[in-house]
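In what follows, subunit A forms one complex with subunit B and a second complex with subunit C.
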Partner chain A sequence: MSGGKKIYGLYNDDDILKQGASVLVNNGVNISTTYSPFPIHGIEKIIGMKWTRLAIVAFMFGITGTMLALLGMGYFMIMDWPMNIGGKPSFDLYQNLPAFIPVTFEFTVLCAAHCMAITYLIRNKTFPGSKARNPHPRTTDDHFAIEVLMDDNLKYSDDKIHMMLKETGTVETFEK
Partner chain B sequence: MENQFEFSPRLKKISFGLMAVGIIALIIGVIGVFGAQGDEAHHIASNRLWSNILINGFFFFGLSIIGTFFLSIQYAAEAAWATTLKRILEAVSSYVPMGGVVLILVFAAGSLHFHHLYHWMDPEVFDVDSPKYDAIIAAKEAYLNLPFFWFRTLLYLGVWTFFTHRFRKRSLLEDQEGGTNLHFKNVRDAAIFLVFFGYTSSTASWDWIMSIDTHWYSTLFGWYVLSGMWISSLVVVSLLIIYLQSIGKLKSINANHMHDLGKWIFAISFLWTYLFFSQFMLIWYSNIPEETTYFIARITEYPILYWGMFASNFLVPMLFLMDRDNKRNKTFVVVVGLIVLIGHWMDTYLLITPGTMKDHSHIGFLEIGMALGFVGMFSYVVLNSLANRPLMVEKHPYLNESLHHEIH
Partner chain C sequence: MHKESAIRQPLILGDKTYHQITEDVCAPVEGKANRMWYIAFTISAIAALWGLGCIMYTIGRGIGVWGLNTTVGWAWDITNFVWWVGIGHAGTLISAVLLLFRQKWRMAINRSAEAMTIFAVIMAALFPGIHMGRIWMAYWVLPLPNQYGSLWVNFNSPLLWDVFAISTYFSVSLVFWYIGLIPDFATIRDRAKRAIPKKIYGTLAFGWTGDAKAWIRFEEVSLVLAGLATPLVFSVHSIVSMDFATSVIPGWHTTIFPPYFVAGAVFSGFAMVQTLLIIARKVVNMQAYITPKHIEYMNIVIIITGSMVGVAYLTELFISWYSGVEYEQYAFINRFSGPYWWAYWSMMTCNVITPQLYWIKKIRTSLMASFVISIFVNIGMWFERFVIIVTSLHRDYIPSNWSMFHPTFVDIGIFIGTIGIFFTLFLLYARTFPILALNELKSILKASGNNYKNENNQNN
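What follows is the complex of A and B.
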């Protein structure tokens, strides 16, 4: 993300990448992320990825949806245009609550799902028309890349990182 | 010895102690029946006693047959993760024959008119000339009559016990034979059992429980009862595993398996709530007197129990098992599990007592003592069968995959 130099190691197998990542991490290299056409199981533990907080935000969006739906139902069906629901003209939100639960449930799911997807895209800075940011076109096809930020690895020189990456069986290493 | 559970004398003493409490409750109930003055009081005391045997008999039978049902799902889906839990599921289902005997006892007593839990078992309601004649029940005679009822009951209990026994027997056999031959036999049998259980779990709950409120009916009642038993069974399985791990057994069941069990508990609590609400909302909306009496009896006479069980069966698991870390935290699972278990016992109580005792029921020593007695009997049978065989299967084809089960 930062403006510093990034070094990539490109692999043609996800198992070799995993082993390589373990070796690098054991040597004290901070790996910022990896690029892969599919999820590599267990890689998040090796490179020490932080646990996502998307679930927490999803819960908050869900609760927001619940409250918005109840507020909306209360306004549309009770205040603005009082409805006789199921032959029980109580004109009271609490008394008519069972009729509003399905709507509230759907709206909770709608809010949580949509807002979570939108949050995810914003957090990853992926917008309509964005340019692809993967370092190599083949990481969406059959190759796998490790990304090392030089700002995070001040104790190593660029050449040393290149050398260490090559030792783990990369197809090639390159900088950006 | 890590793979072998020993039923220690201390645990045996606890189970026998609980059973003794149950027997004291039973004796108090019987004294209540014989000591009651007048027909009305006699009727209430006898219905209270038998209702309690039915509540606990059904609750523990239900959660043990779900052990077989859940095992069959894993077989039919060829799911690997639950292979390490297999012996626990089998142990829970080992109570099925015993639980069936208790149920048969209740139905036999009803058929012989020792109690009047089932209004339709009185032959006079079908008799046009009798003052007790009930046109609505008489119209159901083709289904609700004693010979057909007994045929169905024995069919359910017989077939369910047969499959339970078969899976348990093959499980030990597989440890010696290995290979995939027995496994695929299990897969086939599981598919047959699931189809049979899919229909009969519904009809069994109509016969045994819904027919108490003979005038009332609900099509999704069977699933409602099934989902309640299902979650109780999953909780019992989780509690058993956590107990066994606390005494240093079952090390190969790790946080990932517990996480998956937690997800099941969470999901089935939503299934139960969905069915609870669907049943309630349709009846509330259409507002037909024959149907609403069912809920009026429960909500007006037992409001604290009714909303209490709703809170403990829906809100508690929803709020406290939603988080990933909570599902992996044993303390959370034990506390939430116990609340849910008590909640579903209350649910079973409310399925039966408002129909059998109207507003005369309350939870006293008889109810609690009887429930504890059944806990003792259930745990004695289950722990005894756990101790009889190794805790972990040895040659199941999916064992290795299950040992390496890892989820996020």
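What follows is the complex of A and C.
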């Protein structure tokens, strides 16, 4: 986030915010983001926000987990110390594979879930002890906010943005 | 906005607004506990301390203080382990599978069910740990380089698969739970007036902002975690069942075990959720959110999984006769007519007969009946594991080996202790965590809230 001036419009209903956001966008205002106590479905299309690629990340981590598990078991059980346990084949990974499937699956899920969760926290910049960065304490309760970054809207004055926000039915507007 | 059929019953009763939901869910966290809570907490804490004492005694003296003998080498410890893991199956099933199926009724119960899952899996993991005897060697179950050759753990063994399954299940459930909790902790943080709670919930909320991109990521992560956790739920109890099914003990060596164990786990897990939530909704005043309709939905899951378990019991009996293997046949005749007949028939009554009462709508929608039946199911599922483990072992191939299992005070103490620890943790959770998923409930208020539904119906 840049250090420029930000103007916020606070709403008390998600549907009013969505309508308001459409009106503002149609008037050529760039909305940087919105703040809400729960996900507002469809808002990303209105304000032109890209969808996240976290699912792809999870897949990559999952594949890495699969490979690591197979490599590990191949090394432990086939290469380093082959053991004859109940006559189960210990000569190559392929023959012993059925017995290795459960651990491969578990390790895939383990890597995909944890690494995706860590990526999620890093991308959101949320860590233990991070400071609250929402503009108004009630945006985690029952209020909804539109954030307009003045650096992105050089053709409008501050007062004009305030006025346009108010026209869409805000409870209040404020600057930070 | 998501449209919902007018004839579908509302999931949020009363005249609720977004703010009212916040108020209701934060009330137990911000207010003082009532007398009931303190009484329950004291009883649980005493049981927990007694259990911890017995665990210390076991670790100090070795597992010879249990009632195990050379014939019955697994008894209450593994019974309790499987029972607790099974109970731990409802939470992730509710949040993951029901999320994938877009079942909105999950939202009032998923948080508590997941908390229950986590506490139950901790209780489960305790038992194999102390059964090792020398618990300080517990890290030997991991494939770590060592001075013995290197001698690795055996990846062909279901017991090792279990190590991976349980630890993955526990840690992924914990992450799933916590990711959902972050926005709700932020709500408590922003409402907190005193400095210390503000600091604590601020730390727990990880600086959550609730901006549009964070919510997009939140929903994506929840969906992917649900997708990952769904096969995980099924795999964990399948692998637990393979601890038995891949052995050569009559009564254990059956291919029906994985699906039968998974159905049993969901069955017992939902029963425990019922037991906890029917009380909790009263104690923390959540009747508007955990409605009789929610209880009925859970009862429907119980009747389905209960019937699956019933079919599995009968299939097992039939197959043991049809196999023509004498040892297999004897194992089952011994179950229902041997010295442990009372355990078998308790299991049958509690698991197969009682849940069938839910076909009657009056019973299915009655809170009192649901509570009583849920207790029956909990007891029945404990007996199921006892029957499978102890009656299969106590009379195996050589009659001169036959023996009986008698629990000692340590066996009983540890079992009661784990129930105590479980309830202590759950009671602490109910006072310090948002016990309903605030953000999810708010997102369904307009589609499933009573007042909004009435309004929509009038407009149409």
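One rule holds in what follows: the second predicted complex is superposed on the first by the 172 of 176 C-alpha atoms of A that agree within 3 Å, B and C clash if a C-alpha of one lies under 4 Å from a C-alpha of the other, contacts with A are read in each partner's own complex, and residues count from 1 in each chain.
The criterion applied here is as follows: a residue touches a chain if its C-beta (ideal position, glycine included) is under 8 Å from a C-beta of that chain, and two chains touch if they have at least 3 such contacts.
What you see is a predicted model; the values in this text were computed from it and never measured.
Visitor: Once both complexes are superposed via subunit A, do subunit B and subunit C end up clashing or fitting?
Guide: fit
Visitor: Go through the superposed model and pick first if A:K176 touches only subunit B, second if only subunit C, both, or neither.
Guide: neither
Visitor: Angle at the Cα centre of subunit A spanned by the Cα centres of subunit C and subunit B: state it in steps of 10 degrees.
Guide: In the superposed model, the angle at subunit A is 60 degrees.
Visitor: Touching A:K125 in the superposition: subunit B (first), subunit C (second), both, neither?
Guide: Touch status of A:K125: second partner only.
Visitor: Scan A:D15 for contacts with subunit B and subunit C and give back first, second, both or neither.
Guide: Only subunit C; A:D15 stays clear of subunit B.
Visitor: If you stack the two complexes on chain A, which partner ends up touching A:G87: first (subunit B), second (subunit C), both, or neither?
Guide: Only subunit B is touched by A:G87; subunit C is not.
Visitor: Is A:K155 touching anything from subunit B or subunit C once the two structures are fitted on A? First, second, both or neither.
Guide: Neither: A:K155 stays clear of subunit B and subunit C.
Visitor: Counting residues of subunit A in contact, which comes out ahead: subunit B or subunit C?
Guide: After superposition, C is the partner touching more of subunit A.
Visitor: Between subunit B and subunit C, report the minimum C-alpha distance in the superposition, expressed in whole angstrom.
Guide: Superposed on chain A, the two chains' closest C-alpha atoms are separated by 5 Å.
Visitor: Is there a shared patch on subunit A that both subunit B and subunit C touch, and which residues make it up?
Guide: After superposing on chain A, subunit A residues 41, 55, 86, 88, 99, 102 contact both subunit B and subunit C.
Visitor: Can you list the residues on subunit A that touch subunit B in the complex?
Guide: 41-42, 55, 59, 86-88, 98-99, 101-102
Visitor: Can you tell me which positions in subunit B touch subunit A when the two form their complex?
Guide: Those residues of subunit B that touch subunit A are 277, 280-281, 284-287, 322-324, 406.
Visitor: What residues of subunit A sit close enough to touch subunit C in their complex?
Guide: 15, 33-41, 43-44, 47, 49, 51-52, 54-55, 58, 62, 72-73, 76-77, 80-81, 83, 85-86, 88, 96, 99-100, 102-103, 105-107, 109-110, 112-114, 116-117, 120-121, 123-134, 137-142, 147
Visitor: Would you tell me which residues of subunit C are touching subunit A in their complex?
Guide: 1-2, 17-19, 22, 143, 149-158, 160-161, 164-165, 167-168, 171-172, 175-176, 179, 182-183, 186-187, 189-191, 202-221, 223-225, 228-229, 231-232, 235, 239, 242, 438-440, 442-443, 446
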